[in-house]
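Shared chain: chain A. Partners: chain B in the first complex, chain C in the second.
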Partner chain A sequence: MFSTFRLSMTWLHTWFGLVLGYVLIVVFFFGSLSVFDREIDRWAIPETRFAPQPMPSFDTMLAPIFARMAPEPDELKAAAARVKGPLPATLAPMNWGAYTTHRDPVLSLYAEYAVPNNPADPDDHVHGHATLDPRNGRLLPDDQLKIGSEFFYPMHYGLNLAWKDLGYWIVGFAALVMLAALVSGVVIHRRLFRELFTFRPRKHVQRSTLDLHNLTGVVALPFHFMFALTGLTVFASIYLPVSETLLKPQAVAAAMADAAAKGLPFKPAGVQAPLASVDAMVVEAKRRWAARGMPGEVGYLYVNHVGDRNSTVTLYRAGSDRVTLVGQPIHFEGSTGRVLLEEPSPSAVASVNDFLTGLHLQHFEHWLLRWFYVFGGLCGCACIATGFIFFVEKRKRQHAKAGTGGARWADAVAVATVTGMLVATLAILVANRLLPADLAQRGDWEKAAFWGAWVLAAAHALWRSAPVRDARLSSAWAEQCSAVAALAFAAVALNWITTGDHLVRTLAERFWPVAGLDLALLVVGMIAGAAALALRRRAGAAIAKSDPAASTVDAAEAANA
Partner chain B sequence: MDNVENHSQQSGPMRTLQIVSRVAAGVLGGWSFTWGFVVLGIALALAAGMPYADAQTLLYLVAFLVYLVVFCWSFAAASIARVWLVLLGGGAAMTGLGWWMARLQAV
Partner chain C sequence: MPEALLLAAALLFSAGGIAWLALAMEVHWQQAHGSATGPGRRTATALRVLGGAALLASLVACLVADHATMAVLVWVMSLAASALLVALTLAWRPRWLAWLAPWARRA
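And then the complex of A and B:
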């Protein structure tokens, strides 16, 4: 089909890059935001604007709250349809978990409840969750959406498309295409080193765009490659579920043998037993971590087989002082508090995997490195966006002459994904500050604002794309840049009006979660405003000089590019 | 950069079919091949005495590099028939062999 290797790679780069680029830019953008997901949560839930807290006492604070927790009503409803006969009035908890990081003022609590009488699945269960203010044990309202960690972050890895894990598969495929685009891009261009230093902003749009595309692709090439690859390996068990299917007997046998070798009960005994003091276990765990030369706090607390004689308590260390994602877990016997097992150092393979996973999930406390991640992610966005523009610039004159609409469609979808995505992101922040605090299902309304704004932006992009048909610039670019600027400034103003936390105050208090997001919003607003102005000026100039001679020169230059 | 569209040898429905076949081979055939590679690789690692969790992790670390290579190859290869044969045939053969080998292990 292709006469040379390079041509086949060019085809691959162009078409997969275009089609999956629309997904990839979403993944890169929300991945960049996810670096500061907890900080965005603080902006969105003003009553949680206080300093990060350590894991509170289990015995006095968490135990009674876990005991009061209940399964999610909608999960219960779905489970009722799966079982024979009616569900019992209360479901017994199987396990409890509490999770915090060095950036979390609030504590997340999770529980799993056994669902009996499901003939298809003896391990059927439902989930419950709660968010706690560890300073006073007060639960936060359940319908408050943590926009950063519960909406932007899932957007990054699953597009918030939960049905049949479809979002994971689309993102996974896009990641594979990202790897292929990097390989094929290197094959196409070859002069990798030179492209690091080449940007000619004053040249023709098509030339400057390609320069910027190559520059942003090459400057962060290792970042792009590692993140696409580790993103795939993190979710490998979804994409290649061998251990749940073909090799399930081997996987289950290995897991049981592992539990037996470690002396950890795999199943509950069926005999009730109370839980010993978990606080004492925490003291012992901290002592053991310190003895191994890595003192630290508890990041994750997990109680398995709750209320049973076989219950275990596992304490994981918060790994905020290193890249690699290891918890040095220590397992305790729940009924006695005796140490069952201090997990040994991971094997060589597991260490490599822990490092790569930690590299991607960045739980570490290193603000400069975190900002590098944002920079790398935004480089990816710029690379993809300039790819779209180059695709359109290269074809729009040809398509205009032939009377075909390909470039127009590609451009409209590019506007919808580049600026439309920004409009949607800012719309959810603005909605978060505008919706009444006591509105029922407030989080759902915020999500509706996000998707609604995105749909509107896409419709607008399509509606305003007619100029591309005549090889001119779609007016949607400039108009949506203006919308982005207006929304960004509005979000900062609304945060000030509704919470009183204006920049002078948050900067003086050095409360970076809110000050940082406000500053970022101001920068976005200024860049978008400047872009809107520049685009309008360019469109005006193009109309002024729309004599045929000029466009012939353009076309000749384009052919040389 | 050269304009790819001008280099095609065929045109019309024949070329569309070629493209659909290449894309399907790269995506679906590539996935089958990777699946087979992982199954066989885990079975081999188990036979060599590696614990199951390590075997799975090791193969997952390599799997997407394998997928990347065969995905790119399915566009670069001259013969699309050979691409389909290697990816589907190889995938099925590795899956079968790996499954058989894993069953031989004492469970």
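And then the complex of A and C:
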């Protein structure tokens, strides 16, 4: 099809990069935000603006809350359609879990409840969730949207497209293409090492955009490669669900053999038994971790076969000082509190998998590395955005001459994804501060603000894209940069007005979750404002050049109109 | 606090190391010194050795500061950030890099 290998790689890089780039930039951007998802949650839910808390007492605080928890109503409704006859009034809990990290002031709890009488699936179950304030055991209202961890983070790995897990598959395919784009990019780059540090901002746009594309791509190449790869391994069980389909009997048999080898009961005994003191088990677990030379806190607490004689309690150490998320699990017999098994160090394969997962999900305590991840993610965004601009710059004159609209469309979609995404992200933060606190389904309104703003931005990008037809710059870029600046400053101002947490206060208290986001918003606002000014000046200069009769002032006004 | 100091040192070593490696390249040496000639073979070798040693020192500082698994990630990312920093310095303020090779400063 192509005369040389490099040409075929160029074709692959150009077209797959363009089409999947629109998805990848979303993944990169919301991935970068997810590095600070918990901090964004604090900004969005002002009553949770307090210091991170350790795992609270199970016996006095968590046990009664778990006992009161109930399955999610929409999951119950769906389950009722799957079973023969009516669902029982209350479902028995199968297991309880509580997870926390060194960044969580609030504690997330979840439970699984057995759904009986499903002929198709004897293990059918539904979930329940709760979030509590560990200082006093008060539950948080569940219609409050945790914008960071429940909206931006799912956006990163599934685009918030829940239907048939379509979002997961699109992101997974994009990650695969990302790997291909990196390899083909290295192949087609003529002077990878000789031009490693080359950025020529004073050359023409096409040249300097390509420089910036190469720079942000090559400099962070290890990051881009490892994150695309580990992103795929984290969700390997979704993309290749063999243990749930083809190999399910073998997978179940392996799990049973594993449980038997470890002396852990695989199934409930069917005999009720109370739970011994979990707090005593926590003391014992911490003693054992300290004895292994790695003292730590409980990161994950899991009770299996709740209320049964075969119940077990597993305590995992929080991996704040390691790349691995949680580890060194110790299993206790629920009814007696006796240690059943202290798991030995994982095998080499398991360690590698834990490292790759932990590398991507980063729950460790290392602020410098977190910021480096944001840097890597934003390099990815810059690389993709400059890729779009290069694509358009390279073609727009030819297309203008030939009268075809390809470059115009590519540019409009690029505006909609690059600046439109920023507009939508800031819109949800502004909506979060503007909507009344007692509004029913407040979270849904916030999401509506996000999608609504994005749709408007896309429509605006299309509407204002006409100049590209004449090989000029779309006015939508500058206008949306202005919108981004205005929204970013508005978000900071609204946070001050509605909560009283202005930067002087949050910085004095060193409350970084809110101070950090406010500072980041100010920086975004300033960069976007400067970009808008520069783009307007450039558009004005271009018009003045093409029409010497028009004065510069008139031209600038025309560009603004 | 010593951990923060170690990481700061790691960042400095990494930025310096990358800058020295860049200066060993003819075109960037010319940008930094505003001269038409390159660094000369001996100077280029010296710059490469210096750059490599600084990057190694940066890795050692990372390894002392954190668990090895984390240290490697910090180091690799610091190289990426340093490379971007050096590239942008070369684009906007190339003369600043001449301070890193004071023995070879020319008018």
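Following the convention adopted for this analysis, the second predicted complex is superposed on the first by the 543 of 561 C-alpha atoms of A that agree within 3 Å, B and C clash if a C-alpha of one lies under 4 Å from a C-alpha of the other, contacts with A are read in each partner's own complex, and residues count from 1 in each chain.
Throughout what follows, a contact is a pair of C-beta atoms (placed from the backbone, for glycine too) under 8 Å apart; a residue touches a chain by one contact, two chains touch by 3 or more.
All of these numbers come straight from a predicted model, not from anything done at the bench.
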(request) Could you classify chain B and chain C on chain A, in the superposed arrangement, as clash or fit? (result) fit
(message) Applying the document's definition of touch, where does A:Leu215 land relative to chain B and chain C: first, second, both, or neither?
(response) second
(request) For A:Asn353, select first, second, both or neither according to whether it touches chain B, chain C, the two together, or no partner. (result) first
(message) By the touch definition at the top of the document, which applies to A:Ala181: first (chain B), second (chain C), both, or neither?
(response) neither
(message) Quick check for you: in the superposed arrangement, does A:Phe375 touch first (chain B), second (chain C), both or neither?
(response) second
(request) Write the angle, vertex at the C-alpha centre of chain A, between the C-alpha centres of chain B and chain C, to the nearest 10 degrees. (result) 90
(request) Please work out whether A:Val242 is in contact with chain B alone, chain C alone, both, or neither, and reply first, second, both or neither. (result) first
(request) Give the label of whichever partner, chain B or chain C, reaches more residues of chain A. (result) B
(request) Considering only touches as defined above, state whether A:Val323 meets chain B (first), chain C (second), both or neither. (result) second
(message) If we overlay the two complexes on their shared chain A, which of chain B and chain C does A:Arg194 touch? Say first, second, both or neither.
(response) second
(request) Would you give the minimum C-alpha distance from chain B to chain C, in Å, for the three-chain superposition? (result) 18
(request) Could you list which residues of chain A make contact with chain B in one structure and with chain C in the other? (result) none
(message) Under the stated contact criterion, what part of chain A meets chain C in this complex?
(response) 194, 196-201, 215-216, 219-220, 222-223, 321-324, 355, 359, 364, 366, 368-369, 372-373, 375-376, 379
(message) Taking the touch rule as given, give the residues of chain C at its contact with chain A in the complex, in rising order.
(response) 7, 22, 25, 27-28, 66-67, 69-70, 73-74, 76-78, 80-81, 83-84, 86-88, 90-92
(message) List the residues on chain A that touch chain B in their complex, please.
(response) 1-3, 5, 7-12, 14, 173, 176, 179-180, 183-184, 188, 229, 232-233, 236-237, 240, 242-243, 246-247, 249-251, 253-255, 258, 347, 349-350, 352-353, 356, 561
(message) Which residues of chain B touch chain A once you look at their complex with the stated criterion?
(response) 1-2, 4, 7-9, 15, 18-19, 22, 27, 34-35, 38-39, 42, 46, 50-54, 56-58, 60-61, 63-65, 67-68, 71-72, 75-76, 80, 95, 98-99, 102, 105, 107
